[in-house]
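Two complexes are shown next, each including subunit A; its partner changes from subunit B in the first to subunit C in the second.
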Partner chain A sequence: MKIEVRHLTRIEGHAHLEVDLERGELVACRLEVAEAPRFFEAILVGRPAGEVAPLASRICGVCSHSHTLASLLATEAALGVTVSEQTRGLRRLLAYGELLQSHLLHLYFLALPDYLGAPGLVPPAPGHRELATRALRMKKLANDLLWAVGGRPVHPVTPCVGGFAAVPEPGVLQGLRGRLVAALPDLEATVELFGGFAYPDLPRETELVALGGGGYPFLGDTLVLGDGSPWPAAAYPEALGEYLAPDSTAKLAATPRGAYRVGPQARLRHRFGALSPMAARTAAALGVTPGVANPYRAVLARVVEVVHCTEEALFEIDRLLLAGLAPEPPAEPRRGAGGGRGVGAVEAPRGLLLHAYRYDEAGRLVAADCLIPTAQSLGALRGDLAAAVRAFAHLPEPELTRRLELLLRAYDPCLSCATHRVTRRSP
Partner chain B sequence: MTQGPVRILGLGNPLRGDDGVGVAAVERLAAEGLPAGVEAVDVGAGGLVLLGLLEGAAGVVLVDAADLGEPPGTVCRFAAADLVARAPGPSLHGSTLSEVLALAQDLGTLPPLIAVLVQVEATGPGVGLSPAVRAALPALVAAARAAATALGEAAPVPAEARSIRTTV
Partner chain C sequence: MKPRVGFFDFTGCEGCQLTVLNLEDELLELLELVDLAEFREVLTGGGGPLEIAFVEGSIVGPAQEARLRAVRARSRFLVALGACADTAGVNALGASRDSGALVAAVYGPGAILPELGPPRPVAAVVPVDARVPGCPVDGAEFLHVLQALLVGRAPELPHYSVCVECKLAELPCTFDRGRVCLGPVTRAGCHARCLAGGDRCRGCRGLVDNPRSEPYYRILADHGLTEAEVVAEFGLFNLAGRGGR
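Take a look at the complex of A and B:
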């Protein structure tokens, strides 16, 4: 029996899945990534520090804020820039908004149709229209938060090396705060909705890698490896090697112990104790624990993180307003125009995102390396797909296919080259 | 819904050559200035972000690169109906433009919409527009302004608007 899913739908980007089974035995399981290779690292070379982050934000339209933040942290580490607490707070707000818009998109538009038994978004599954309206309301709030702090809904324009070129008016943040509070019933409904679905069981332990440091961090300089040990982000190449596979244009990554996974379940594995009070209660209600190793349940991990980031965004706005949010000049480089190497590490919605830059004496970027979350998780995803084929080989083919697609989407892979093209169908 | 602004949304990725023309058009519109009630937003490669930006607008002008089989730099204008996907199919991916528009239509959040598209020459990796597309930028911006004015006046989009074509 051969199962082939070409043009997998409802993931960000393009991929094909091929599974070959003989009398219940797995012969081959291939996940092809059919995206055009990225040349973004090359595009960054030769640019002065101030131009790098705006270009880096264009790498991906789905998580442009995460790329901006990773890029700024890398440049600041290379040039010796220390930012203010206000800047850190505003950047955390961007990270929360980013996670919210991406997770809500995944939950309600990419994952939900599967659980409602629909082929896709259009036409919608029975009952999906009402749910989509709720999702849009929540997602719009996240996008408005990003718009207010980042100056644009996508590809932010206010964050710059050393700080922010402009900060939101306190009244605008107050308004967003009110809307976040008003969104709590929508959050409760979301928890109830996703808690009511049955998720296939696939217990499979994988190395989980996340950002380390205090709290439930989204910006930092330390990693946590699968065994819980800390690792300096600047030394990531020694812990997270990248390699190229012939059937994929995305780079794959592996620790010395093998494939690893980043993302919501990795964050929960290592930072569970730092969840906000409401998120901790949500996790308890959904049966989400740090030990959960079933990749299908990443969907529930995202629900917990949506609650966490909503509550943390409220706290962050309060802190910023209490401290007297006001424009301030960006922090200056300590090392002048001198060159250096720097690594920026952030938690993007799909997991750990690293940008590593080297600048020359004239302050121009001479080398760049971007380690993308989906590329890091791809090896683990392939292993999980093979394990799922073995575990579910006894099921009828349509159900097996459905479970494989479900697994793939539970990873929320972003294989997109972020282009936007229209092709005319008829003259 | 008619209380909201008319939004000119520039789509595309400036790191992919001519694909960035929608973003370039929005930059030019912002630099030249916009009439009251009209805003221009750089949506970049936003995908489903578009859904939230369609909602609440009195009208939307989409400015994007396209492969229309025309000479590079040709500016074409389309009505929403020409872009909205009506059925799922194997060639539709997670967040194609047409699927986003179909979803918005289904949710009742699709405002009157005109797409102003320009035929690309090259969309490989790299920053900068090809000469033909760069030369078409004034015509593209003018077409976007005209479309925004038409939407602002709540004038119904005439059927022949679909075939308006400007070759530069």
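Take a look at the complex of A and C:
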């Protein structure tokens, strides 16, 4: 039996899936990434420090804020720039806003149709209009947060090296705060909706890697591996090695224990105790734990994170307003810092994202390496796909195909973002 | 019967499709007017003849060319959606370099990748009936182009420059802040959003029809830009020469 799905739908980017089964035994399982490479690391080279982030943002339209933030952190680390607490707060707001819009897009528009038995949520089938309206209302709130702080939901314009070229009026944040509070019934309905579906069981222990540090961090400078060991982000080439798969020209990333996964379940594994109060209650209600991560239940992990980031955005707005949010000049590089090497690490919606840069004395970028979440998770996804084929080989072909597509979507892969798959040559 | 509309993505970041999906206030109403027949990112299924095909991304290699031609063959109107489709966008930055060297730089020496070729704008491969410029596109302008095509009118883009929108918004001149700005020669329609956010214009919407290049080059020279730097500025979002045609 051969299963072939060309141009998989409801994922970001293009991929084909091929599975070869002989008398119920798995012969081959191939996930082909059908994206033309865009060579971002090469085209970033030669740019002055202030021009790198606006270009790096274009790596991905869905997580352009995460790429902007990782890029700015890398440049600031290289040039010795220390930003203000206000800048850190506004950047966290961007991270929350982006996670919300990305997770909500995934949950309602990419994943939900599978559980409703519909080809998509838009256009809504008869009876799904209220769901679509709620989904759009929640997504709009997330995007309005990005409009207010970043200047635009796709490819932000206000973040710059050292801070923000423009900050939102306090009244605008106040208004968003009110709308975040008013969104709580929508959150409850979302938890109830996704808590009511049956997710296939695929218990598989996988190495889970996330950002380290206090709280439930989205911007940071340490990594935590599956065994809980902390690593400085700058040491990522040693922590996250590379290997070549025999059937692929793509290099895959691995820790000493093998292929790993990043993303919502990895964050929950390591930072479960730091969830916001509402998110902790949501996790308890949905049976989401930091334990063995069934990849199908990554959908529920996203629901928990939507609640967490909504609540954290509220807290963050309060902190910014209390401290007296006002425009401030971007922080300058340390005098005489010249060139240097820097690594920026953030949690993008799909997981750990690293940008590593080296600048010359004139402040021009001479080398760049970008470690993309989906590229890091590809090895684990291949393993999970093969495990799913073995676990569900007894099912009729349409159901087996459906479960493989469900698994792929549960990873929420962003293949357009994977500008290259993985290279491990630190600048 | 409602006109059938499809969305297709090639080489790009999918940010323009996302900008269409970000039209939260208009989307459901829009879907009363058109039949969303194909949109791989959020919809399973597709095929069949289309009234309008929106194409996002640059075209790289023979497989993408063939896929684009097939879309063209079954569409009455084909629209280039966003800078990558319209002018090759940031993908153009790799166009002037040897693709073998790019592969070696990013993937390591000896790496072999399929489907290579220079990234090209859609119009370099098939006839294009209309365009929505920008990186990313402006949602309202997308609706404007769609509306024009639906009522049988040729969509029009602003004929003036971003500089005009910036002045109307009473924003401080970017040159006065000591930064180079492509606003004087770039087509308007973005509401000078980057300038309002304290950034500069990088020309993502392409050049205005008759740019006043001579005075502009003099301003750039006054700001100390060399010829190579001027070319590099223009090249951020635009292919040099005949736009890859």
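As a convention for this text, the second predicted complex is superposed on the first by the 394 of 427 C-alpha atoms of A that agree within 3 Å, B and C clash if a C-alpha of one lies under 4 Å from a C-alpha of the other, contacts with A are read in each partner's own complex, and residues count from 1 in each chain.
Here is the rule we use: a contact is a pair of C-beta atoms (placed from the backbone, for glycine too) under 8 Å apart; a residue touches a chain by one contact, two chains touch by 3 or more.
Computed from a prediction, not measured in an experiment: that's the story for all the values here.
Chemist: Touch test for A:I43: subunit B only (first), subunit C only (second), both, or neither?
Modeler: Once the two structures are laid over each other on A, A:I43 reaches both partners.
Chemist: So, A:S64: does it touch subunit B (first), subunit C (second), both, or neither?
Modeler: In the superposition, A:S64 touches subunit B and subunit C alike.
Chemist: For A:C160, using the defined touch cut-off, is the partner it touches subunit B, subunit C, both, or neither? Pick first, second, both or neither.
Modeler: Touch status of A:C160: second partner only.
Chemist: For A:R261, select first, second, both or neither according to whether it touches subunit B, subunit C, the two together, or no partner.
Modeler: neither
Chemist: If you stack the two complexes on chain A, which partner ends up touching A:R129: first (subunit B), second (subunit C), both, or neither?
Modeler: A:R129: touches subunit B and subunit C.
Chemist: Which residues form the common part of the subunit A surface touched by subunit B and by subunit C?
Modeler: Comparing the two interfaces on subunit A, one with subunit B and one with subunit C, the shared residues are 7, 9-14, 38-39, 42-43, 55, 58-62, 64, 105, 109-110, 119-124, 129, 132-133, 136, 139-140, 143, 152-155, 416-417, 419-420, 423.
Chemist: What does subunit B use to touch subunit A in their complex?
Modeler: Where subunit B meets subunit A, its residues are 11-16, 19, 22, 41-49, 51-53, 55, 64-69, 83, 85-88, 90-95, 97-99, 102-103, 106-107, 109, 115, 117, 120, 123, 125-127.
Chemist: Flag every residue of subunit C that touches subunit A in the complex, lowest number first.
Modeler: By the definition above, subunit C touches subunit A via 9-19, 21-22, 24-25, 27-28, 31, 35-36, 39-45, 60-61, 64, 89-91, 93-94, 97, 102-103, 105-108, 111-113, 115-116, 119, 135-136, 193-194, 196-199, 202, 236.
Chemist: Help me check something: in the complex, which residues belonging to subunit A touch subunit C?
Modeler: Counting only subunit A, the residues touching subunit C are 7, 9-14, 35-39, 41-43, 54-55, 58-62, 64, 105, 109-110, 113, 119-124, 129, 132-133, 136-137, 139-140, 143, 151-158, 160, 164-166, 249, 251, 416-417, 419-420, 423, 425.
Chemist: In the complex of these two chains, what residues of subunit A are touching subunit B?
Modeler: So the residues of subunit A in touch with subunit B come to 6-7, 9-14, 38-40, 42-43, 55, 57-62, 64, 101, 105, 109-110, 119-124, 129, 132-133, 136, 139-140, 143, 152-155, 416-424.
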